[in-house]
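Presented sequentially are two complexes of subunit A, the first with subunit B as partner and the second with subunit C.
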Partner chain A sequence: MTCLRLEKLSVSYGAIKALRGIDLEVQEGEIVTLLGANGAGKSTTLRAISSMIPTDGGDILYQDQSIKDLPAHKLVSMGIAHVPEGRGVFPNLTVQENLALATWTNRKKDRVRSAYEKVFQTFPRLAERRTQLAGTLSGGEQQMLAMGRALMTDCRLILLDEPSMGLSPLLVKEVFRTLQEINALGFTLLLVEQNAHMALKIAHRAYVLENGRIVLEGPASELAKDPRVKEAYLGGA
Partner chain B sequence: MALKPNPPTARPPFQPALWVVCCAVLVIAIPMQLLADAGFCPAVFNPYYLHVLTIIGMNIILVASLNLLNGYLGEFALGHAGFMAVGAYTAAVLATRLLPASSALPPVIGQVFILVVTLGGAMLLSALVGYVIGRLTFKTVGDYLAIITLGFNMIIVNAIQNMDFLGGPRGFTGIPKNTNFIAVTVCALLTIVVLRNLIQSSFGRVWVSIRENTIAAELMGVNLLRTKNLAFTIAAAFAGLAGGLWAQSQQFITPRSFDYIKTTEILVMLYLGGMASLSGSILGVVAYTVLMEVLRNLLSAFAPELAEWRMLISPLILIVIMLTRQYGLMGHKEWRWLRPKRVA
Partner chain C sequence: MDTIIQQLLNAAQLGAVYALIALGYSMVYGIIRLINFAHGDIFMLGGFIGLIIVTHFGGLPFCLVMILAMLLTALVGVTIERVAYRKLRNAQRMSVVITALGVGIFLENLVRLLIGPETRQIPARLPTGSVVWLQQHLGVFVTWDKVLIILISLALMAVLWIIVNKTLVGTAMRAVADNASVVPLMGVNLNLIISVTFAIGSALAAAGGIFYGQAYSLDPYMGIDLGWKAFIAAVIGGIGSIEGAVIGAFLLAGVEVITVAYLSSNLKNGIAFGLLIILLLIWPSGIMGKPLLKKV
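And then the complex of A and B:
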């Protein structure tokens, strides 16, 4: 079943065209990764999906329903969570308060309790740091908190904007392993990444963006072998 | 290991310390007013001190409610005195209209009834005005919001100045004196308790999250316009409450006492006390008001020709705070009895 579909989506910042009509599809239960160089339009795509920026044309369908004109805060209760670039944790709130905020749209007691259990099972580290201010966490822990916050919402689809940014190689591995775990719990992931090597390893399918257009798409394992991808994103042959 | 996380609830946990402080303040306040009314005025209870304490109480309401916007929500609003004006004039009109009715009622109950009606009306109308203005202004943030709220402050004051049935520029006279020190103390304590509970509820968390990272807050499903406007409406209602108390304690109000200079005075006390701290709001008001009164007395005693120079002190305080101690006396810190119990 199709979870998310972009149809000829275009976005521009003033006179600059950021997306020139891209088509993209995410099936229920998949990890799909969106690769591309700086400025190719990866983050723009995610921002357009979660209504942070207005779109020019085309359509965004979530579970066969157009969500293009919905305000950003409505999308959360529909089941779309967005982990923004640079994590976006609330530094002067504790870890638990950060997580509690993500239950804003649905504060039923049972659901909140099971959401906490799910998050603390996936990220035992966050349980240890519950009462600590989020600003005092390390970069890796903040990334986990940002992902944990996404899990706390009632979401099915998680949009991740460069979760590995600024982390040490060891932590990058851990982040990607966690993403696989989250996917195994039944969440669908749309992952924007610079680290093409790792992203192609865990993804089912991949898209390559260049100058606001999709130039390549296919199963991740095939794309990892594609000479063009190898040359541009995987550091040569 | 089975983790049993304790989800933060909408209601803050019971804190006996808060109630002890509130009761202690009332136990001191009530006999003070009653003794003064009875004409018993030993040095500590003299009416002048009572007057200063009344002003402190009203300023606490103003500053603490502005802190909700400027400190917790992190939006720079500049029109607080405007809402105070709405509250003051509403209470003034209601109180003069209700004057015949009040004489028919038994003394204490009648006074309380009049106060509840006038202050309730003041809060309601300022909340309504705040809601409408918030609807319009929260499409913008930052500098623009500051300018727009300042503009509304001026509009409100100028509108009142041109309304003849409110006395226009001559002011509104003959307001019955329904407020006393006890009423102000009760209102100030209520304001602090209500604001503290709000700040520690899930609404308070959402306001702080908007300050910390607006985009992330929106991605958590927070309707920014609505939640910001809720804070604005609540702050406006409390400003109206302070205005209502002020009108019925001064018995005479003019539009000019609610212009941007009053807003600036509220801001000075807020920044002196510190942002995002109710303790700071209380401390800032007490420090500023006492300082101004001491200066007034010293200057009039020793150098009456310098009396007007007193007003130079408040901008000077603002400059010194910003240069040396941006977080004010208590920024982001709370006294124990106002501090939230961290859920763990």
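And then the complex of A and C:
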């Protein structure tokens, strides 16, 4: 079943065209990664999906329903979570408060309890640091918190904007391993990454963006062998 | 000794009113970085709404008068944000500050037109008898209304503190202050949280207006002078900080009352504003304020 579909989606910032009509599909249960250089339009795509920025043309379908004109907070109650670039934790709120806020759209006691269990099982570190201010966490811990918040919402699809950014190689590995775990729990992931090597390892399918256009798409294992991808994103053949 | 206690209670009463206004300035600045210069006039309007309710529904108990006036003023505050400020949220800071000044002048003239320019007083609804216990044990003559105004104000501040620090709505308000653009990604309606903040700020200002109208008097332009004072209190305390607004308010009121009592009432404003300059030289972000440069 199709979870998310972008049809001819266009976005501009003033006179600059950031996305020039892209088509993209994410099936239920998949990890799909969106690769590309800086400024190719990767973050713009995620921001357009979650209604953080206005779109120009085209459509965004979630479970076969157009969501293009819905406000950002509504999308969360429909089941789309977005882990933003730079993590976006609330630095002066505690870890606990950061997580609690993400339960805003569905406060049913049982659901909230099982969401906490899920998050603390996936990120035991967050349980230890519950009462600490998020601003005092390390970069890796803040990334865990940002992903934990997504799990606290009642979501099915998680959009992730460069979760490995600025982390040490060891932590990068841990982030990608966690993403696979989250996927195994039944969440669908759309992952924007600079680290094409790792992203192609865990993804089922991949798209490559260049100057606001999709230039390549296919199963991740095949794209990993594609000479054009190797040259441009995997540090040469 | 007894005059010192009297003066302290005077300062506490004035400080309580300043604090009720200053909280609104500080909360709104905290979440959307707007100095709502109409807020002093919301305080004035709240007082007049209280006066109108007392005049027309003489039988209502005081607590109902307060609740009704606070609700109505909250509605006005929310409407002002919705109509005048929301569209300008992403505009230049200067545009919305000018709009706020305009809204303030509008409210002043509206009240003058509808009710008249005369100075009014809200008929005493709180008991005005002496607190006998204080008279017997300390030899201080204090009326009940003063004590009640201070206590109710402190109770309102306590309720605010609980809302902001212990409820999910309060968590959302603090999250907006921290990083507003991410708040919708948590499923939280940003506009709703901003409306709630204006509602709470306006309701507290209305409580201040009613207290002021009973303890002192009301006139359509009172919001200018008192609004500035409360704004100074919020800045001294560290604008954006709730605790800071309260500390700043009581500090400012204390300095004013002492100046009037022991120096001269003509020096009151000079010393208050001088205090602002000196304190800000020592603490540029206010007593409880956070330095502008944030980590993260």
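One rule holds for everything that comes next: the second predicted complex is superposed on the first by the 237 of 237 C-alpha atoms of A that agree within 3 Å, B and C clash if a C-alpha of one lies under 4 Å from a C-alpha of the other, contacts with A are read in each partner's own complex, and residues count from 1 in each chain.
Going forward, a residue touches a chain if its C-beta (ideal position, glycine included) is under 8 Å from a C-beta of that chain, and two chains touch if they have at least 3 such contacts.
None of these values were measured; they are calculated from a predicted model.
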Superposed partners subunit B and subunit C on subunit A - clash or fit: clash
First (subunit B), second (subunit C), both or neither touched by A:A100: both
Which superposed partner A:M52 touches (first subunit B, second subunit C, both, neither): both
First, second, both or neither for A:P84, with subunit B first and subunit C second: both
Where subunit A meets both subunit C and subunit B, residue numbers: 50, 52, 71-73, 76-77, 81-82, 84, 88-93, 97, 100-105, 107, 149, 153
Touch list for subunit A against partner subunit C, complex: 50-52, 71-73, 76-77, 81-82, 84, 88-93, 97, 100-105, 107, 135, 149, 153
Contacting residues of subunit A [partner subunit B, same complex]: 50, 52, 71-77, 81-82, 84, 88-94, 96-97, 100-105, 107, 109, 112-113, 116-117, 120-121, 127, 130-131, 149, 153
Footprint of subunit A on subunit B - complex, ascending: 3, 5, 7-8, 10, 202, 205-206, 208-209, 212-213, 215-224, 332, 342-344
Subunit A-facing residues of subunit C, complex: 168, 171-172, 174-175, 177-179, 181-190, 294-296
